[in-house]
Amino acid sequence: MRTLPQRFVEARTLTVQLAAPLSAEDQTLQSMPDASPTRWHLAHTTWFFATFLLEPYDPGFAWPDPRYRELFNSYYEGVGPQFSRARRGLLSRPGVAEILAWRRAVDEAVVACFGRADPALRALLAPIIELGIQHEQQHQELLLTDIKHALFQNPLQPAYRDDLGDIVPAPTAPSPGDETPSLNLAGGRVTVGAAGGEFHFDNERPEHPHWLHPFRVAAAPVSNGRYREFIEDGGYLRPDLWLSDGWAACREQAWSAPLYWIDGAHAFTLRGVQRLDPQAPVCHLSFFEADAFARWAGARLPTEFEWEHFACLHGHEAAAGTLLDDGALHPLAGEASGLRGLWGGAWEWTASDYAPYPRFRPLPGALGEYNGKFMSGARVLRGGSCVTSHSHLRWTYRNFFAPEKRWQFSGIRLAMDA
Amino acid sequence: MRTLPQRFVEARTLTVQLAAPLSAEDQTLQSMPDASPTRWHLAHTTWFFATFLLEPYDPGFAWPDPRYRELFNSYYEGVGPQFSRARRGLLSRPGVAEILAWRRAVDEAVVACFGRADPALRALLAPIIELGIQHEQQHQELLLTDIKHALFQNPLQPAYRDDLGDIVPAPTAPSPGDETPSLNLAGGRVTVGAAGGEFHFDNERPEHPHWLHPFRVAAAPVSNGRYREFIEDGGYLRPDLWLSDGWAACREQAWSAPLYWIDGAHAFTLRGVQRLDPQAPVCHLSFFEADAFARWAGARLPTEFEWEHFACLHGHEAAAGTLLDDGALHPLAGEASGLRGLWGGAWEWTASDYAPYPRFRPLPGALGEYNGKFMSGARVLRGGSCVTSHSHLRWTYRNFFAPEKRWQFSGIRLAMDA
Amino acid sequence: MRTLPQRFVEARTLTVQLAAPLSAEDQTLQSMPDASPTRWHLAHTTWFFATFLLEPYDPGFAWPDPRYRELFNSYYEGVGPQFSRARRGLLSRPGVAEILAWRRAVDEAVVACFGRADPALRALLAPIIELGIQHEQQHQELLLTDIKHALFQNPLQPAYRDDLGDIVPAPTAPSPGDETPSLNLAGGRVTVGAAGGEFHFDNERPEHPHWLHPFRVAAAPVSNGRYREFIEDGGYLRPDLWLSDGWAACREQAWSAPLYWIDGAHAFTLRGVQRLDPQAPVCHLSFFEADAFARWAGARLPTEFEWEHFACLHGHEAAAGTLLDDGALHPLAGEASGLRGLWGGAWEWTASDYAPYPRFRPLPGALGEYNGKFMSGARVLRGGSCVTSHSHLRWTYRNFFAPEKRWQFSGIRLAMDA
Amino acid sequence: MRTLPQRFVEARTLTVQLAAPLSAEDQTLQSMPDASPTRWHLAHTTWFFATFLLEPYDPGFAWPDPRYRELFNSYYEGVGPQFSRARRGLLSRPGVAEILAWRRAVDEAVVACFGRADPALRALLAPIIELGIQHEQQHQELLLTDIKHALFQNPLQPAYRDDLGDIVPAPTAPSPGDETPSLNLAGGRVTVGAAGGEFHFDNERPEHPHWLHPFRVAAAPVSNGRYREFIEDGGYLRPDLWLSDGWAACREQAWSAPLYWIDGAHAFTLRGVQRLDPQAPVCHLSFFEADAFARWAGARLPTEFEWEHFACLHGHEAAAGTLLDDGALHPLAGEASGLRGLWGGAWEWTASDYAPYPRFRPLPGALGEYNGKFMSGARVLRGGSCVTSHSHLRWTYRNFFAPEKRWQFSGIRLAMDA
């Protein structure tokens, strides 16, 4: 068991390592308002510790420039104004080298501050450091999905990492229409949400009862091969399969395949253009595509509570898919049978809107903005992806994105009424 | 008890009566994509019976012009293409007189078709006519809210009806901060949704169990006076009270009061500019404003299931607010005490997103698009408004709008954890 | 020779006659910000006399509603604020009947005011009435081009006038590539602009010398048949033929033929859908299309000074094309030979930007905004169209529109270096 | 006199020197579609020689990547498709180091190709190299104005060069309203345009006669101090001073001072925030502001022919303002009296739209797109700026920008009717 400062240093170091393959030019790009430049992720995660820990608790703390407080504030109104999100890509200063130097200074100050703290102060600092580590891990994932989107804008199709070799598809292709087996669950009054103990975000609390009808959940996520059948069956051309807003998005954005598919056989990945593996989980889908696919398949998306209950009962280590720790940077095909891909691989869209649990209480102060104020218009995703750290996941974890977003590693696990 | 044809004729007649105070020029206006011209409502409701009843079941049926099939199709992909929603205000032909003549012809054909039908055919026609009446009633409400929005664009501030006299505020103003009493509910496993019997939309079905925590619900809706306190306390200036998307909408659209408020003492109504009654229910709020108000008041919005359970237990005739049948065309202050305003007055925003009930099945065919495909991005409202017909409402009724919309008569009833 | 009051009454009456075939619904439509509703044209031309003549010079004058002053102000900052141009179609009040009554009252007041004026006052009033007649004539043309655009939005393709019979194409089609003969002009130091005497807008003054190179001008405007050759030769697909801004407009707006062409053989007209006459002048072209056509044809557009010099030397009554007085409401094919279509038919785009003449002085006061402030970004058109009154035209007349506009009757006459 | 290869190498080297103070992050920024990243300027100017000289004339030429041909094509439809202008800032590869290496390779290849060419080939190559040098110089100016705009987006207000010391205002401030003396010109038939001989762009040809009225031109450009009087007199608040499109731009973009003014006393410059010198030429004005100022001052802008005729008669070396060669990177106050600032300092907006001269012929082939296709919607500027090279200017030189653009060093010299 590593100490909190050890885990802090590890998390902080990993972010720098993930940025290392990128040039200063790469780290400056912002390809859309949803995505941020690498240099911004490096700076904002540092801002987080500076703002919430050093400024209030370290008497020796000073900003390199007081304007950093606004420049790297993401969305905390309680902290003060924020530099415009959509314009992060218009900044070149501070440069990458300057940001990295600031990171080192902040990291040392955090470790020193915690090291010299008495137990009472440690009790205040520890939850902030823990939250900061979780925050850092979220930005590690975003750093990778954001740079993937940015590099994809370049007709040269450059890879984030071109030193890892090609992705090798699984040896045998599945038969068309080959149905994934599913597991049966009885439902009734179940308990969902986080009780306490280990770290949880405020949005996972409190633990509470929920009523479930009997249902079934697929043992495996939907594969590229199966999704290609949906496409070939006119899935992107049939409005009857889509929610009204989904159909509008499909038409306006001219969707005809998952994001990053180049043709029916190749896709752009963090490792450059690669052959699609028909057996690997499909990813980079919007909620609307996931929902339309489910309707086409005669199934539906699980609610987040069905997903959580299922995972609690059946989730085990062997059910994992590709995680950041594996270094593949893309969801790989798992074992040919059994429950799989439940964590890692691709985030799984659920049918649930992102809403507060009964008696939800956000964190006090500006950190209360971390989750609660976004509970509008998003859908919950569960289970993690190939760029999520193993240590970041748990069955109660709630990720959330607007239903038309596609740049995350987001896929599908089907559910059915039983 | 009136017969189905009688109720059909009554509903159809009421629409024409509601349009009667409006000139041909008025009936041509479309002030935003969400709203439709009066002439379009008159034609579309007629299109509904032509498309779903006469075309399939009346051998003598013919369209006045075959292009009407597309021109007055609102959103039914299963019927075929639709004339652009945002461009309905660019049409002047067919004119109002022509549309009214078509209405009469269709009404006669529907009555005749039903009249000569054998019992087997009647069993097919009756549910279509019943759905068509409900559909007509929904468009009666929209006709009024749409023309209110259109007339408001005119600096001359013309009234829809200027022959009804002024709205007289209630004699005594409430004390500031005067808290509305609330009722306690125990929660637990409750049953929600429609079991069958009377008419229900598909989105109200099936009846199903739901788990509720103990909660409280206010006996009365939030009043103009109480809402003015929120404004005066900086409610529109404090981001901490708002959801993130709500704050963005508030800034972009420069909200500083409910829609139609002209100053703190007057508002534009269907009866022209009128003095605000501090005791009458506040209305024309977005979900975001309702949510921010609730947070400011130390309360929250009820879920739609809390609302329904509450209404089932406590709703009674005396709890009604202003309805279309009353002819006031604006929510009036009710009795000074007791449970009130539960139906009519203003629709009450709930915290619930508009989602399918467990095992929801849409109607077969194109009518399956009536509700199901809109289950994305909207919030449920309950209870009806001052422009809803009494016969249109029931406790299981689910209305829904996007959270930033304000042109409906939409208000607030607070809930709290018990 | 008619008196000024006679001409005033005739002009005012013609506007009402032009609106007469339109229903109240028709008169309410605004299909784009450039176009205005018929009811607005009726009111604004009345506002013009109320603002510039009655208010300052008629002691008994009163507005029906003081808000009309703002409501029907088109763009005169010197008069005060203006109701938003793009929102004119959102108004239904005052209705058509009310506006017509106001017109009659204003017309009577103007005639009475002039009638009782002493010579000194008459000297002040006469130029305002004259300008108002010219203004009225401009709005008569706009009333027709605006309603044509509005009716075209309707899939029912309703005609402004369906009682005039079909347009009959000229009996013999021209041979492909058949070159129109052209006339030679020596150029040198010529005089252009208006010297005074008859009415002229301020933008036609002062008369001034201009240097012209030797040039040639086509005897006839470009025909539909010739323009179709341009289309068939890929004219809309070859960027080398287009100005850069023109090519961008062509791509963005997906131009592939003149506005209102339905296919290569039919076009929407004020008389409904009609067969295209290959020998009639092509119209409803943007400047960019006219310019691209000229480049394709190995020619160029004339400058406005070449056009004016040419017209001064060669223009005669027989050179006229279709005018409003003819009642055809569409440019018809003229004589098979000789100089033709020089006035009427379609406005002819020139290469000249709309700029002030040397020593240009706008009218004093708010009327100085009539022309001068629009001298930015527009191109000059010369010669009049099929919806211009004969009495409105003269060789020095400068019309102007932004280069991408197509809803006017605008066409091409080619020029060449000699 | 330097040889053509010498001048080529000098021009190419200067571009690299101008980019040298910028980090790789800086060189990646694109702050608006009008502006391009530094790295793109470095690559595009190289592309120019690769496309128009090496590809056709150097048998050994090969692209580093064939996709460069599209990636760095600015707007030449005749060469082929172009990567989207507005998205140049979304590219990080090839990186700056890679682009610089490519520059070196192309430079060597051009020199070698010319060196080994026989006289016939040299006669073909020389005009391309000459045009390429002129093109390079234009992009040197753009590189500086574009990075100025990009750095200005950063709240840290970083300087392009912070090693040049502060700009020292001239010692004595001018008296308010102090009128600049002006020179009288008789006009009549004058000759304008380029006759041949020295290098000229195609848009400067042919030389031709033009008729001028008598006029006066101010001896000095408008100063910051004088422009401040315009502001203080409500210049940005009075619609009567503005063209209609200008007033719309002023309102929409909330102009209240020249671009880069921070307050009435400071401005952002390439040397960071500096005090405004009241006697230095005002710059970073749109045409609309220049035109409004002139109207306020009771004067007007000169036409480009007035400007050229004036410069031909009176221009001399001593009339120069700040040039790129001076290294100041900002227009400085000149001598206190006499004709000054005629070249360099700030480009001077003229009243003339950018139009082809009579009998204008663009260059053959794709190079014909260099100038001609932009002759729509722009106004001509004359005289050069503080970031134009001395060797790049001549009295017939025509620069042009859309009238609302402000990011160039653009200012005002007044003219009057005589």
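Chains: A, B, C and D, in written order; residue numbering restarts at 1 for each.
Keep this in mind: a contact is a pair of C-beta atoms (placed from the backbone, for glycine too) under 8 Å apart; a residue touches a chain by one contact, two chains touch by 3 or more.
Given the structure is predicted, the values throughout are model-derived calculations rather than measurements.
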item: Taking each chain's C-alpha mean as its centre, the one farthest from subunit C; value: A
item: Chain pair, A-B or A-D, that carries the greater number of C-beta contacts; value: A-D
item: Centre distance in Å when subunit A and subunit C are each reduced to the mean of their C-alpha atoms; value: 59
item: Geometric centre distance via CA averages, subunit B-subunit A, whole Å; value: 38
item: Inter-chain centre distance, subunit A versus subunit D - centres from mean C-alpha coordinates, in Å; value: 47
item: Junction residues of subunit D - those touching two or more other chains; value: none
item: Chain contact graph, described as a line, ring, star, complete graph or other shape; value: ring
item: Residue numbers on subunit B that touch subunit C, as the complex places them; value: 23-29, 31, 39, 65, 67, 70-71, 83, 87, 89-96, 150-151, 153-156, 158
item: Subunit D to subunit C touching residues, read off their complex; value: 75, 77-78, 189, 208-211, 213, 239-240, 242-247, 288, 351-353, 355-356, 358-359, 373-377, 403, 417
